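Listed after this line are the structures, all set down as structure tokens.
Look for subunit A in each of the two complexes below; its partner is subunit B in the first and subunit C in the second.
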Partner chain A sequence: MTTATNLRQVPFLRRFMSFTWLTLGVAALVMVWSAFAQPSILVNTLVTGGMWAIMAAGLALIFGIMNVPNFAHGELFLIGSFTAFTVFSPIQDALRDDPSLTWLKVIGPFPGMLAALLVGALVGVLLENLLFRPLRRRSREQWVMNTFLLTAGVSVVLINGYRLTLGNNFRGISHYWDVRPIELLGVPISVDRAAVLVIALGTIALFSAFLLRTRTGRAMRAVAQDETGAQMAGIDLNRIFTLTMAVGCGLAALAGASLLFLFPSFPDVGLQPLYTAWFVVILAGLGNVQGAIAGAFIVALLQNLTITYTAVGWVDVVPTGVIILILLFKPSGFFGSGVKGVWEQ
Partner chain B sequence: MTGQAAAPAAGSAVAVARAATLRRRAGLLAVLGVAIVLPFIPPFDGEDYRRWLVGAAFMAAQAVAFDFTAGYINIVNFGFAAFVGLGGYTSGLLAVDLGVSPWIGMFIGGGVSGLVGLLTGALTLRLRGIYAAVMAWFVGLALMGLVRNLPDITRGSLGLSVPLLLDTPGNLPYYYVILGMLVITMVVLMAVIRSHIGLAFRAIGQNLNAARASGINPTRYLVVNFALSCAFAGWLGGFYAHYYGILTPDVMLTSHTVEVLAIAYIGGRGSLWGAAVVAFPLSVGVEYIKTQFSTLPGVHLVLYGLLLIVVMIYRPGGVAAAVRSLDAWISRRGRPVVPEAPPAT
Partner chain C sequence: MRPTLTSPKRRILELTDLEAGYELLQVLWGVSIHVDEGEFVAILGPNGAGKTTTLRAIAGFIEPISGSIAFGGREIGGAPAHLVSRMGLGYVSETLNLFPAMSVYENLLIGAYAVRDRAAIATTTDLVFELFPRLQERRSQLAGTLSGGERKMLAIGRGLMATPSLLLVDEPSLGLAPMATLATFEALKALRERGVTILLVEQNVNTTLHLVDRAYVLEQGQVVLEGTGQELLANSHVQEAYLGI
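Let's turn to the complex of A and B:
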């Protein structure tokens, strides 16, 4: 929003007076405080925040480049968790039969996660080629709303297709790595959670490097900025869109696979990750990938504060209220969005 | 074309339009007539089928209220089911705790839903379409969370037993009540659409900036439309509560919104009657399929989802557009041979 107060005209103060920085500062202070008062809040925030960051980054990427608000993002989480379960359970059985296979104990979970990433990417490619491309060819009128409804249909079909074919039962594991928890800030933290954090940070780093440093990444950012301009510069839009769906959906599936020990695979498992990712993306500003990564940790902090100080059931209510309040002051989201012009029509 | 030739052509165009309007009215009355006698025609005269017809009329009325927002101002109210549930809970709690008659409670429920819709709309509708849709979804999630987490008031997931609307065990009287509510919903909303307010709605839905440029204050109209749709949703929710006699937070699930949304879009966005007409065969057919395949949970939602996807990609106008083009074909055939009328302005 362009309404700047006088104080914000002062170059030095501008950075610190802005609503975004104030809120970020508050979030940082709460995190520092929680490190002393309730270290578990900080640890849980980092772990869940990392995975929400992966989910939300994929969502923001798909929106930023294709202008598709993906309502089926949670179902990619479901596909990821199911794939990981399918691949990991034979490995788990092998380990149970022969506990001396130390090497398998260490690398065992990774094939499942990799498979989830690939299957998720494949589903993304299929979605682009079977659904979005025909629609794009027919009409780009009211594209954002139409694709939102289209993906809502996809979500319903995937959830209930899963229920039809695989039933309502839970497919989960209690842990990926069967070892003693490590201690961080005096909080025992399971190796699975620590691994999730490492995987999340590694993925974010790779993903950022891909977007910022490679030629293809630059082409993707160009399409996000100006589709026609990118096309004139010789970028193959269909290729970029397919790649975007592959990366975005693959990331969501990876999140589902990594969190299998927390979220067992069942038809509605994608719901909470879906709306959490949406909280993040709305908070950060639609289509803003870096903002989504930062926003994910803020939402995770809100959720963990809610869980610690009220009952678990309020975890949907309190963050929603806070986000609505924030949007009152900052309607275009926390960090704004560089792609507004394309989709605001 | 000279003025002399244009005058009779324009005159006949008016006549043709009048004939088309008459045909449309006659068609709607015929459909209503069929709906009135339907519960006496075998196989629809069984209690099972009559119960399905009540459900179908309830779906139809919801889809009409939903289409009033989605089809005209192009805002998809993703929290629609929550507003239906809010009206139901308001009416139910008034009846349980204060002994208010369900007939009055239904209207109070509608008022409360409308009020919450007004607040939601006032907060979110100055944002662009997709933000408003997602924020309505968040508000819906928060409402569902509230109902779940306040078991002292709402009995939470245990379910709230609510007095029935009529003291007959049969479904037939309920069917006529909900059919009457459907007709009222359609008549009121169609009257609004025909008025100058409706013209503003359509202008905003088609091109917000053009509407703003021609002196319409979009936000005010958007909020009025949204609140009105929510009020009808709450009123219908009151019927739901006092027909089934039990309310659980699951009434507010997003999947119910998607069901209503699928029917509204299959019927044809921006037509009101398309949704109402399509709801009957779809809803009854789906109930039939549910009983045939009781071992396959969720099969009806897969069907809804697939239909929604096909409509979104290939037939954006839905059934209403198909009927309109049939109607145009009849007009062309019944018309005397005159020079081609100038394109309508």
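Let's turn to the complex of A and C:
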């Protein structure tokens, strides 16, 4: 205890003495350790973490800017996986008929992913214009609770609409790229997974640059912090809300499309990604986009440690347990205290 | 008491018989006010008289029940706030509505959101930093960590970033220490000397009347007095009710 107090008096160290930094430090150390001892943990953490980051960043963006806890986020994942399947199937058939089409082999998966991104964005725009905007015009009382119920309802309708029209069949693929696995840190990793990692990191980089560097991204952050102030500066809230839904939902659909080889399209496929994204967002602090990206990799690390050292069945239990423990000490999440959403003011 | 105004200057803002309020509570009962180009006008009055409501109605945050709000000759009553702002009306609210997790500089950039010309933004930023050197010192500091007086400066600076033709300022002295209040009034004076048209709402009657060209006294949602600063300082009602003489 005395050493801890003494260390706290060193200004440089004091910054890092907080619970948040300690936990992040431990997570980083485990990752470094796994790079040497069990590289598969690190590789899998990067791959799944990247995708959870995309899901969770969209969720955090929508909550931070619109105060909508989007419980239909998993169905955007479903829409993405279905769109990608629909677009990729004929391409896959063409490749089976004529395996000599090398160029199609390389770029074949991308049209489906792009289509998923666009369809997801379109669904997001429709949700904002047909559901949230009329509700907002009517009343903003109990907004978080009302939009929670609304999105939970949308989720039920979409799941069962899918089941009604397309049935309970699994629509999946075994792989996007039919090539031999490559090696990363000595771990064999399928090209599909490597592609997921590249897509995730690229998307995160583009998305962060958009939020932090562009005029529109700055306007989105402004709306998250003070709607009245944003309007005073001439920012059209409806335009920002529409854009937020387009980006957030498009990202979820892109995740669904990229992971099609792991999660085939079927009615309930969105539930696990939805829950994981919520773990991440709660862990990071509601509405904090950068925190959500960091949190996604922590949750992925916990999941992969669980899978490696216990059994797959525990994959949700252990991370949830750890998150409960962390929240006991830090109720607002890792980054929740520093940056506040609109409704907390 | 009515001042004889045969000013050749353009009328920038004109409220005619404005009635407005919140859901079941009507606050303004026929307010008529005007501001000419280059003028420094104040609205004075006790708490609950409807001063802030008047500004909120002008800025587009409240839809008027009846009456008209003409800004630069165009009717803006009921227009959404972001459009009113883009037409050249700056609004510095009582609560400031800054973006606490953004730097001072980013707050200013948001203020210039509607301005597309980068060179123009740089020029206005320089002007704001010249008016408030303190903001330049704290350029990269988060707005949420500024002192009360610095926040007012930032809010006024942000309001100036879109180079508005009229700036509405709501109670800049609210919650400030006397020194900071003085600095804020000095800044408003400097703005006025640069030709910015200002409509100010204040409770600090004595200082305000010495500063402005004209003022309106608002009581229970109606204009009860209007005149130049000197005229109102000499008025017996103002002296009794507001100056304690």
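In this text, the second predicted complex is superposed on the first by the 327 of 345 C-alpha atoms of A that agree within 3 Å, B and C clash if a C-alpha of one lies under 4 Å from a C-alpha of the other, contacts with A are read in each partner's own complex, and residues count from 1 in each chain.
The rule is simple: a residue touches a chain if its C-beta (ideal position, glycine included) is under 8 Å from a C-beta of that chain, and two chains touch if they have at least 3 such contacts.
Only a predicted model underlies this, so the values are computations on that prediction, with no experimental measurement involved.
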A:I107 touches, of subunit B and subunit C: first, second, both or neither? neither
Touched partner set for A:A230, first subunit B, second subunit C, both or neither: second
Touching partner for A:V157 - first (subunit B), second (subunit C), both, neither: first
Which of subunit B and subunit C A:R215 touches, first, second, both or neither: second
Which of subunit B and subunit C A:P134 touches, first, second, both or neither: first
Subunit A: partner with more touched residues, subunit B or subunit C: B
Partner chain(s) touched by A:P69 [first = subunit B, second = subunit C, both, neither]: first
Subunit C partner contacts - residues on subunit A that touch it in the complex: 215, 218-219, 221-222, 225-226, 228-237, 338-340
Subunit C - residues contacting subunit A, complex: 59-61, 80-83, 85-86, 90-91, 93, 95-102, 106, 109-114, 158-159, 161-162
Subunit B - residues contacting subunit A, complex: 74, 76, 123-124, 126-131, 133-135, 137-139, 141-142, 144-146, 148-149, 254-255, 258, 261-262, 265, 296-299, 301-302, 304-306, 308-309, 312-314, 316
Interface residues, subunit A side, partner subunit B - complex: 69, 131, 134-135, 138-139, 142, 144-146, 148-150, 152-157, 159-161, 163-164, 168, 267, 271, 275, 278-279, 282, 286, 311, 313-314, 316-317, 320-321, 323-324, 327-328, 331, 343-344
